[in-house]
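Going in written order, the chains are labelled A, B and C, and every chain counts its residues from 1.
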Amino acid sequence: MSELLFNELPRPTFRWLRVNHTVGSLAGEDTAVQSIAVEANENILSPLPVGTALLEGKYEGANKEAVQGLVEKAEGYAINVPANAKEVVGIRIDATARVANRFQFIVGEGAELEVQFFVTGSGDAVTNVSYLNEYDVKATGKIVVKKVNLLPEHVQHIEHRYTKLEDNADVEYINIEIGGSENILNYYHDLVGKESHIIHDIAYLGNKEQKFDISMIMSHGGKKSVSDIHNLGALSGNAKKSFRGTLDFLHGATASEGAEEDTCLLLDPTVKSISLPLLLCKEDNVVGNHAASAGQIDHNKLFYLMSRGFSEVEAKHIIVESMIRPIIDRIGDETIEEAALAAVRNKI
Amino acid sequence: MAELLQIKDLKVSVEDKQILKGIDLTINKGEIHVVMGTNGAGKSTLANAIMGNSTYTVDSGSIIFDGKDITEDAVNDRAKAGIFMSFQHPISIPGITVENFIRTAKSTITGENVRALSFKKELKEKMDELSFDTSYAQRYVNEGFSGGERKKNEILQMSILNPKLAILDETDSGLDVDAVRIVSEGVQRFHNEENAVLIITHHNQILQKLNPDYVHVLINGKIVKTGDASLVREIEEKGYDAYKALA
Amino acid sequence: MEERKKTQVADMDRGVYDIKNDFEYSYIADAGLTEDIIREIWSNKNEPEWMLEFRLKSLEIYNRMGIPNWIPDISGLDMANIHTYVKPKVDMKENWDEVPEEIKSTFDRLGIPEAEKTSLAGVGAQYDSEVVYHSIQEDLVKQGVIYTDIETALHEHEEIVKKYWMTLIPPTDHKWAALHGAVWSGGSFVYVPAGVQVDIPLQSYFRLNAPGAGQFEHTMIIVEEGAKLHFIEGCSAPKYDVSNLHAGAVELFVKDNATLRYSTIENWSKNMYNLNTKRCVVGKGGTIEWVSGSFGSKVSCLYPMSILNGEGAHAEFTGVTFAGEGQFLDTGCKVVHNAPYTTSNVNSKSISKSGGAAIYRGLLKIGPKAEHSKATVSCESLMLDAESQSDTIPAIIVENDNVDLGHEAKIGRISDEAIFYLMTRGISEEEARAMLVRGFVEPISKELPLEYAVEMNNLINLELEGSIG
């Protein structure tokens, strides 16, 4: 197994911090099995043959070898939503052994697509789930992707996602990241279209030796493009989170706005939280904000709940759950919501 | 009476949408005018157009102030000529103290170096008149000010800059009874035979203390009726609906 | 504020900094860097043997080390053309009248002796590689305060200097630290004994006059337990066609319950590569306050670092960076919390215009032992046009749970609304912009000594003049 560099920071900083990228290697066996179920209108679903070219050449910060490996070896699914159509797609990855896959979504002009993306598994196998999602959202197209990761605790989880937003495209991403041993999540959202709009919310919950290594780049090229990142979660045990979020305002992206927020609740002295919220700007007529915070549970909240008769542990559970709950509630699928909530309660 | 402001057939657009559709208005020295009207009728547009806000495009017509056509003049030149606007939503300016700000404005407008000591004295007097905590002189302009404090700050600036024409754009909105009283007393003190006041409002509270010479009803970008102070009561009784037919 | 501006702008222009002096030098090292040059510098300066060893070891490290991949482009800097040591033909004076006329007139023009008379307790002036003037108030001497050039300190207080020498910034730290270790010359040494409060600031002024020269001054300040000091550093250089290099090192030792404020206004000419390193270690209950203004140089890499090793130690950083045409200013600060109950506040503002690039690069690290620590970071960037660049690259690393940490950054331009508001009060557009920019940096300029705040405002006016079309 060779060493791979994941989630490279678009603008490196002090080397001794060792935060410019994450070193990883793929866990588990070499050959992948297909254990994916895709539910979709058959008119829009087709197989994506091995070797299909990437939608775009640039996957800045992604591990090129890992992405190329998927292009060359993995079969996948192509989902093509015609203009003005309205579709819902359900994808379930069941990881008992290694999974490698690709999904390519092309959402036509004025079309609407909702994707329910459920990543789960069973067993104790040390293995790896790796997939590449590409979304090409045409003018005035709209997508909502709700992803829930409830992988078993020995499974390494690598997601690469690329989004291209044309004029007035509207994208909403929700991630609930609870499972997996090491989660390497790499997102590159390319706001090429004018007045394109994207929200990406991530909720994570880590315990034991879990790692969440998240990289997200919002590349603002289009005028009046708007992006909003929320990354929030809680860590206990020896869990570690690295968040590399970049708002990149390119020359000409006038009147664009971007915001990123990274909030981490620290539940044990042994956790580790790294935050690299970059703001890159070559255009004066933009508004860019970022905020990062890390800390313990607010004493006043704890006090309030304990004054109502909850024990400290119960009160902490309530607070952590209440932080993640609003995001879980947006999933919209009762079975998955309940599974996610059960997983949350199980962990804290 | 000497003519101070004359607006002739003024048409003004915001982002390609015409808001003012031909306004004629003459204000003489010594007068108090009131423009009332529904939300979105164009009241604030009128104020901003007189002041020269570049967000508001003058499509046609002219604004004559003190005998001079100022329709094309820059905002600061209008201020120097003697026009003052009290903002509906005064912005905050971090890093610049109230005292510094007003003193800079005063020396720019008068073209004279305003002496620090006498200015401090004047500022304190005017702040006292407005029941404005004098420690605010050293605070950054409107930074952390409440709505009422911001409006007081506007009236403070008006009384120190002493313009020929003061435009009060919804200065009374969002204020409690006491604040409205303080503000209208401030306007009363300011007003004399040599200057004029244009009040833009959709309440009548501020008018109880000030006795307007003319009241204009603005509906859908046009002045549909002009009368004396009694028109205020008439509007109060009938509401604006009665005037919509005139538009 | 305004009236002041008017009177002062009239008699102020960049010209003061740009006047070059024809001056005779007693020794100029060959350009480039070899062991022979190092030996020459060493023997010229009559230093102890251990320093030669240190210099040679540093040279070896320098040759071995690569240039970091994250720093701005410094390809315009050719070490083979930099004179690492330029000695003015003068010995250090303690009486201003004895300083040679040409050097004196330079510092006169910069207003240094005037400031000494009015508001400083001690002054040092460095001209190229050597300190040419040093003075300190007598009552401070009586209390045991030492303020002298580092060469004198190396002879008179060798044990202290040797004990602390490049312990905070070891030559292995990075390539320019190694270079500094090899060719350092000049700089200030301050020692404040326990409990002594130095109420009036000490100031050192560094002037790089010779073309193609490097300045590698070393500043060492030790503030003993319970003592207090404010130190001011000013830097300037005239503009030549060839590149100059500044790779100084500032090592600050703040002991238990001591307080040090370190203020800098850096206005190097725009052909200067400013690769400077500043570091401070703070003991129990101690405080370091950095006030930093970066206006000059072609390229800057400067990130003053505070290492909070003692319980309850505190760091405060207030910085402003203004990058104009042709400038790439990569600045920021680093704070490392290593002990419980440590606190830090970082407040950084940057402005970029006319194609200049202002980068905030920071580090906030809260180590496993730093329980009950609190840290806040606020970065604001103002872009004055769309040709410029402004990036914020912070790293926040938290390694224990009992912390309270907040980081905020904003980027944007002067709002049209604000300009309109000021113009309705009679202020011209140009002046409105200048006022808003000054207002933007006001929280920082108010932390500066008055003459520096005035200088900063003048520099801003200078930068803004003619920039509004």
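What we mean here is this: contacts are C-beta pairs under 8 Å (C-beta built on N, C-alpha and C of every residue); 3 or more make two chains touch, one makes a residue touch a chain.
Predicted, not measured: the structure shown is a model, and the values here were computed from it.
**Student:** Quick one: which pair of chains has the most contacts?
**Tutor:** Comparing chain pairs, contacts are most numerous for A-C.
**Student:** Name the chain with the Cα centroid closest to the overall protein Cα centroid.
**Tutor:** Smallest offset from the overall C-alpha mean is found for C.
**Student:** Using Cα averages as centroids, what's the distance between subunit A and subunit B in whole Å?
**Tutor:** Measuring from centre to centre gives 52 Å for this pair.
**Student:** Roughly how many whole angstrom separate the Cα centroids of subunit A and subunit C?
**Tutor:** About 42 Å, centre to centre.
**Student:** Please compute the C-alpha centroid of subunit B, do the same for subunit C, then give the distance between them in whole Å.
**Tutor:** That gives a centre separation of 49 Å.
**Student:** So in the complex, which bits of subunit B are touching subunit C?
**Tutor:** Touch list, subunit B to subunit C: 51, 53-55, 74-76, 78-80, 84-85, 87, 90-91, 93-96, 100-105, 107-109, 113-114, 140, 157, 161.
**Student:** Contact residues on subunit C for subunit B in the complex?
**Tutor:** Residues in contact with subunit B: 1-3, 415-418, 420-429, 431-432, 435-436, 438-443.
**Student:** Quick one: in the complex, what on subunit C touches subunit A?
**Tutor:** 68-70, 334, 361, 363, 365, 368, 371, 381, 383-386, 388-413
**Student:** So in the complex, the part of subunit A that touches subunit C is made up of which residues?
**Tutor:** Going through subunit A, the ones touching subunit C are 11-15, 17, 19-20, 249, 251-252, 254, 264, 266-296.
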